[in-house]
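What follows is a group of structures, each given as structure tokens.
In the two complexes that follow, chain A is the common piece, with chain B as its partner first and chain C second.
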Partner chain A sequence: MSKDEENKLVYGMLHSLKSFVGRISPDTSDAFQSYQTNNYRLTMYETPSGVKFVMNTSLELPLQATRDILHSLYKEVYVEYAVKNHMLSLQTPINSDLFKDKLEAFIHSKMRE
Partner chain B sequence: MIYSVFIINKAGGRIYDEDFAHNRQGEEITFPTHPIPLVLSSDTGKVMVKFGASGNVKPGHSVTAVNKQPVSGLYTANDKPILDVINDPASYPLTITFGRTKASANEKLMLASIFHSLFAIAAQISPVEQSSGIKELHTEKFTLRCFQT
Partner chain C sequence: TQSSGSSGINAEYGEEVNKQLETMGYNIGVRLIDDFLAHSPSVTRCSTLEEVAEVLCKQGFKMFLGIVPEVRNWSSAKDEFSLVITENPLAEYVELPPHCQDCLWYSNIICGVIRGALEMVQMDVKCSFVGDTLRGNDSTEIRIKFVKILEDSLPAGED
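And then the complex of A and B:
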């Protein structure tokens, strides 16, 4: 399926997951973190400002490690190269080569660990 | 600790469910005057806390009793709309009991079919070919496990 369709599906899925978790949880304030199937894990990290970081990984990587990666990604890449870049509007898709390069470098450094 | 079990059939309909979570004890708070530090909403058929906190009461809790008398739906035991009683300064001091109400049978049906769809979509958006549906789902406070026959 096309990238656009896939994005819409993922976004709709996340939205439904959030409300599903909110209702089925035995505790009143709960938040969806991740799910796994037989060959991948989807992890979501949401900031208090509503920005959601979603990552698909293989199952070998432990759950806490993926959450830490997403948190570091937010702190070291998104805040530094997307938020602090005044040329970017965070309401439209991010169109910055610098951000893209820094993101790729970050992911490669994490994969080497 | 097991909180609940659902059994869902091939078409996504709930066949069986059981709820083991028993810690739905309410928190009773006596408010001395109007207004109270909670924003309440009634759109789900129950009076629920939408915003604000007081003691252990947080968004998601519903009003289960007013002045120690159990409520039914949006009305008190004396058939007065709960929100009217709460918004009337003359009702104070007022004792309200909050708790997490059990999901209704209809809600459980909805939850089962929602999960069925999420399970199927997870298999479709897989970055790897040929994925199964959701096997485990983690949240801050609980884990959901699914076994498909």
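And then the complex of A and C:
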């Protein structure tokens, strides 16, 4: 599956799940956070501004820790190197080597912890 | 400085500048919201306009301008309110030249920022100055009017 196809698949799934969770839940402010299988967990962190961060991890990492990492990613990588770069469009796939490098460095630093 | 022309030309010029300032503010606001939210993890989507006003003043303005405007003059339908700013950091040491006194909203960029930021949390508002101490008015006051909730939009190609 190409990156593009994978992205579309994930996005479509998240959109459906979000809608499903919202409709079936007794609390209308309930939001989808994650799903897991025997092998991995997919965790989503959505900001009030609608930006969604999705990460697949092994099951060892607790859910809240994963959400905290995604929030830190939002704050330390996305805001600093994507949002604050006015030359960068946020409506199309992020095309910035700096962003990619900072993202990788961030993930590696989290993996070492 | 240019000598002031007829008041008609000034008014038009002032309107153009006000519009540009608002647009600049809007472009800042649509990104500023993420900077704000990333540094305020406890903030969630507000469910009432009162909540919006509170977060806007006590957290938003505080974070970026270091001031907390006062929320006043709610409409009876609770869909409109004013922000009153006592110390405007943008206007410190600023004096408006005579030809701008009646037409320029010097800090209009703030209105754009508010409109852009709220649009990114799916809220459509109208935001404008109704008074500015720089222009000799009694107070520096921004009027914010709720228009509508924007539906979460899907990217092109999805339905």
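By our rule, the second predicted complex is superposed on the first by the 113 of 113 C-alpha atoms of A that agree within 3 Å, B and C clash if a C-alpha of one lies under 4 Å from a C-alpha of the other, contacts with A are read in each partner's own complex, and residues count from 1 in each chain.
The rule is simple: a contact is a pair of C-beta atoms (placed from the backbone, for glycine too) under 8 Å apart; a residue touches a chain by one contact, two chains touch by 3 or more.
In this text the structure is predicted, and so the values were computed from the model without any measurement.
Engineer: With everything superposed onto chain A, say whether chain B and chain C fit together or clash.
Structural biologist: With chain A aligned, chain B clears chain C, so fit.
Engineer: Have a look at where A:33 lands relative to chain B and chain C in the superposition and call it first, second, both or neither.
Structural biologist: Once the two structures are laid over each other on A, A:33 reaches chain B alone.
Engineer: By residue count, is chain A touched more by chain B or by chain C?
Structural biologist: Answer, by number of touched residues of chain A: B.
Engineer: Which holds for A:11: it touches chain B only (first), chain C only (second), both, or neither?
Structural biologist: After superposition on chain A, A:11 lies in contact with chain C alone.
Engineer: Just to be sure I read the superposition right, which of the two partners does A:81 touch: chain B = first, chain C = second, or both, or neither?
Structural biologist: neither
Engineer: Taking the C-alpha centre of chain A as the vertex, compute the angle to the C-alpha centres of chain B and chain C, in steps of 10 degrees.
Structural biologist: So the angle at the centre of chain A is 80 degrees.
Engineer: Does chain B (first) or chain C (second) touch A:71, or do both, or does neither?
Structural biologist: After superposing on A, A:71 lies in contact with chain C but is clear of chain B.
Engineer: One more residue to check, A:21. First (chain B), second (chain C), both or neither?
Structural biologist: After superposition on chain A, A:21 lies in contact with chain B alone.
Engineer: Classify the contacts of A:45 with the two partner chains as first (chain B alone), second (chain C alone), both, or neither.
Structural biologist: Neither partner.
Engineer: Just to confirm the geometry: in the superposition, how small does the C-alpha gap between chain B and chain C get, in angstrom?
Structural biologist: 6
Engineer: Using the superposition described at the top, list the residues of chain A that contact chain B and also contact chain C.
Structural biologist: In chain A, nothing is touched by chain B and also by chain C.
Engineer: For chain A, which residues count as touching chain B in their complex?
Structural biologist: That would be residues 6, 9-10, 13, 16-17, 20-40, 42, 56, 58, 63 of chain A.
Engineer: Flag every residue of chain A that touches chain C in the complex, lowest number first.
Structural biologist: Per the stated touch rule, the residues are 11-12, 15, 47-51, 71, 74-75, 78-79, 83-84, 86, 90-91.
Engineer: For chain C, which residues are in contact with chain A within the complex?
Structural biologist: Spelled out, the residues of chain C in touch with chain A are 27, 31, 33-35, 37-39, 41, 43-45, 120-122, 152, 154-155, 158.
Engineer: Given the complex with chain A, which residues does chain B contribute to the contact?
Structural biologist: Spelled out, the residues of chain B in touch with chain A are 3-4, 21, 23, 58-61, 100, 103, 107, 111, 114-115, 117-118, 121-128, 130-142, 144.
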